[in-house]
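Read the structure below first, then the notes.
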């Protein structure tokens, strides 16, 4: 931590800051510049930098060590590869997840799974517990939904991912689900994250609507600090003033995350754009930008879907897109 | 719901849309304009408007009925007044809540409570379960913290508010706490909201960092739809590109909410600005804008606080501010 | 325009609204729904919808005709192709523009141009008038810079693009420059836009840092309404709360614009990310998303550049990227 | 400037950085910490910090001297008071500016001015050149508008403020106008700012829709660096995801600016909220937060206004608000 003193501050101000940080358990290294004196606070304690900024004569306090440890490339230089049902995310591999937004019935999920399996998809998505803005909207089938997902997936040798909404649901997810999703609205539900750190199943952690990349990594740190090392990050759009798309997909997050963290990062083009005809271009863009995977909504009959049909691809559309994505991946020396 | 057809769309397009919305349970009223045909879909069903927007010939679908019911002034024209320990929020009354960010020890809370009670504050705040971005930061004292709060509050005839973080903690809060806070990061933790709808204690619902005012009201709708009518809304800053304050306090939310909802709305100037010297001006601004209350962080010794000391007022600062706020309230015919 | 009346409004309210819009030159079509009466205002006059929203009994006013005309695909269904020096933007063609951020000397520009020409680049970029946040930063070489650009470009048979900052500079640009850039900070400098509408050279219009896509199109409308039909739009990142990149590149703008407008849209990956190692992934993503072109900063010696060297590619890096981009374009049936 | 090296970087990395900054004209002070080596670059040259961040072994570069000089309180500790027609902005004084959005006719401006003068307003606002998003909207009366403003103002002993849109209009403004406004969309029209630095009339500089407070101050620096010291800053709302108000009024900017700059800062509650019934609460909030002035739209007949009638107060509404604002100012020891 570096403490920059105001130009013209008194010697008393400086010695007072030094006394303060020593009390907090830091060593102090003073360096006098032409305009500003800078005090380096050396140590590994955690302190709110604003506490120092309020001391007299202090101009600014700058944190120089990163707040995350286990998620950092400094801690683990090589890519983490998460593998589920033979599908790999990370390390040059692109994983594909597809399926309907919500589980509506066995027939629906079965129809989707059959098609997707025939296209080579090995991980099926589907919501059983649905986070809905309105209490009057369809809230999902609950445990029954998870059972349906599992049954359909087993029939076609697929793995399953679904979103968990609270701690009490974790035992159910351990029973039925292979990758546990944490939705954007729960990215900073810290108690949930802690509990997911204690299990040993892969976690798919979605970025919150207004979360910085640093906060996304800190939420992954919560999971990893519990001992669960299989975390897949997911960019799904952030909230901005632009309203022609539901959210603004921040694809720059891919190279940014890949530089500072070893964890794989995938992209959800369905929720970010919110409209079917934007899913294909943004999926291609994600692969070209280096994404480690995609999670795409596909519905056997989007026009009758109970939830988000408008952003779901028809199975045939998905199949064509998947073929194009493989060709694009090939050009940049990656593969599904 | 109004469905605006593209100029030059075919009669087939129009009849297809009519057929579609009738299947979904709506009546259709067609109105042909100079440039656009508009179809009114009349009925109370819930439908994702994007499903219609994808039909051929449709230009735009416009929802005209509000998504919220119980929180709306149409439903209940007069102000809801939430009263706790003789303090009223709403209906021309401004309620004051003050106390430390976190509960650290009985001595600390007792020292704060004693001072605040002597200034006329009747509701004490304090965090026992702390949502922290880093898993390595102080996470709060838990149940022990709630007990300390209760004990100190009882000693000075104060009520208590504290933040709940998950469903499993609700029984503890029912035992120790008078107003249950839902933090910004849990504003869309829908399962938690549903469970809080089933109890009969006032809920202090904070706006999420990237939540629209409409979403804040929908989250209140979750609580109210369970039967709990005592909801206090709280503006605490939204996330923008501006970085000289921690968040951007959106005081316009006060008159906006007061026009469309009967629920009281209070302001948290401490978390939104993040710095002590901005708390007083923004508290005054909140009162002048018509806020129904304030929740302010005060610490007996901010420089040794375990959390957010930098934004906590000294007791004497608070006392002076409270005096000024009462004078301001008087000018606009409101009172603490 | 649709005027939605409040449920329970009086007949007087309705007839008052009708009278008001008739005075303003509109016809009125009334349609009574179960909950709301809707009044269609038919006509082509321009009116601020808030004027109607303030009338008694009005719930909401909804504009249904688009504010833009000449830029719209309804007006011109087929892609506009802008061609400069044999390079096409739009209609399946991807145009490439490259060069240094600022013109520093003839030697520098000549070195860049020689390299770029050898890689097949036919349009050279370079800033002569620089918009800088600080009055104490390098402000560009001015007319001398334009002369240098022209001379170097002519030597290698290249065309030239550079940024204009005010109306008085237009004659200079007509003399030396082939595509006139309007920078992000001038996207709503309406007087400048009007004057550029009266000339007959292609305009490269950059999206403002907080401009919506609709506003970008309206600014293009300003240029086109003057008679200049050769407008190239440019996505260059918007301002959000994320700070790990300089701006957030909004690649979804590509398919959004291409659906509603016939104008070509290109991407600037250099200014949006602000860092060299993010330029390649975002350039690939832009092409995969369907961009009609790219404008990339390349400097013969980035470490000594007077401006934005940190985001400039080395010539060899650019060459390798250009090769990869051509391969990607091929996969999606487009070509440079 | 502080250069933080990566933990574990080589001695070569360090000496290379030192060599680089010395070439750029800085002195280097090295300080070795437990985890990181920090190099202080001492000197007053301007350098793009990203150029250093790209050197091997560098973790982060931190600028510690402020980019603004003349606008800073360090440069001038006491408040700048701008005085026009006996009205003072700054130093405990609150200045009031009021008038219609646009000049429509002499009768209209005369009617407004007569009323406002009778309420004690001494500075009249009115737009003659209007920045409009659409080329098809009313663009203002131009010079004729300025003449009308001047004539009406002279009749009632008022001063005049109006918005300039380009350099070529400055001579006109020098002739007719007392305070020259720079609109939000021109806040970074740097050539215009430079030219306004060379004149000697007060400038009212509005914050851009996505401008940070730092950028607002840098734009003021442009004006002051030309020698014009009379700059009034104006907060008028920033663009966020919230859409219930036109923009989000950032009142925290008031105490933030007042701490770091000596320049007065006023608030425009009309453009930021965009609706008449929000103007009064936000005006009161601005005064309570410590604003040095207000600029409010008032129209003698808002329902027939050619521009922004929806956000204009009726004269009587304004009069009542002005009375309340004076009472509020009194409570916080400031005065109009």
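Letters are used for the chains, namely A, B, C and D, taken in the order the chains are written, and counting of residues starts over at 1 for each.
Quick note on the criterion: a contact is a pair of C-beta atoms (placed from the backbone, for glycine too) under 8 Å apart; a residue touches a chain by one contact, two chains touch by 3 or more.
Because the structure is a prediction, the values reported are computed rather than measured.
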{"item": "Both-way neighbours, i.e. chains that touch subunit B and touch subunit A", "value": "C, D"}
{"item": "Chain whose Cα centroid lies at the greatest distance from that of subunit A", "value": "D"}
{"item": "Rotation angle (°) superposing Cα atoms of subunit B on subunit C, nearest 5", "value": "180"}
{"item": "Chain centre separation (subunit A, subunit D; CA means) in Å", "value": "38"}
{"item": "Centroid distance [mean C-alpha coordinates] between subunit C and subunit A, Å", "value": "31"}
{"item": "Rounded Å distance between subunit C and subunit D, as computed from the means of their C-alpha atoms", "value": "26"}
{"item": "Touching two or more other chains - residues of subunit A", "value": "210, 238-241, 243"}
{"item": "Footprint of subunit C on subunit D - complex, ascending", "value": "46, 48, 50-51, 53-54, 67, 131-137, 165-168, 185-186, 188-192, 194, 208-210, 215, 218, 221-222, 225, 238-239, 274-276, 302-303, 305, 307-311"}
{"item": "Sites on subunit B touched by subunit C in the complex", "value": "2, 4, 6-7, 27, 29, 31, 33-36, 38, 40, 42-43, 59-60, 62, 64-65, 74, 239-241, 243"}
{"item": "Subunit C contact footprint on subunit A (complex, rising order)", "value": "210, 212-214, 238, 240-245, 248-256, 259, 272-273, 277-278, 281-282, 284-290, 324, 327-328, 331-332"}
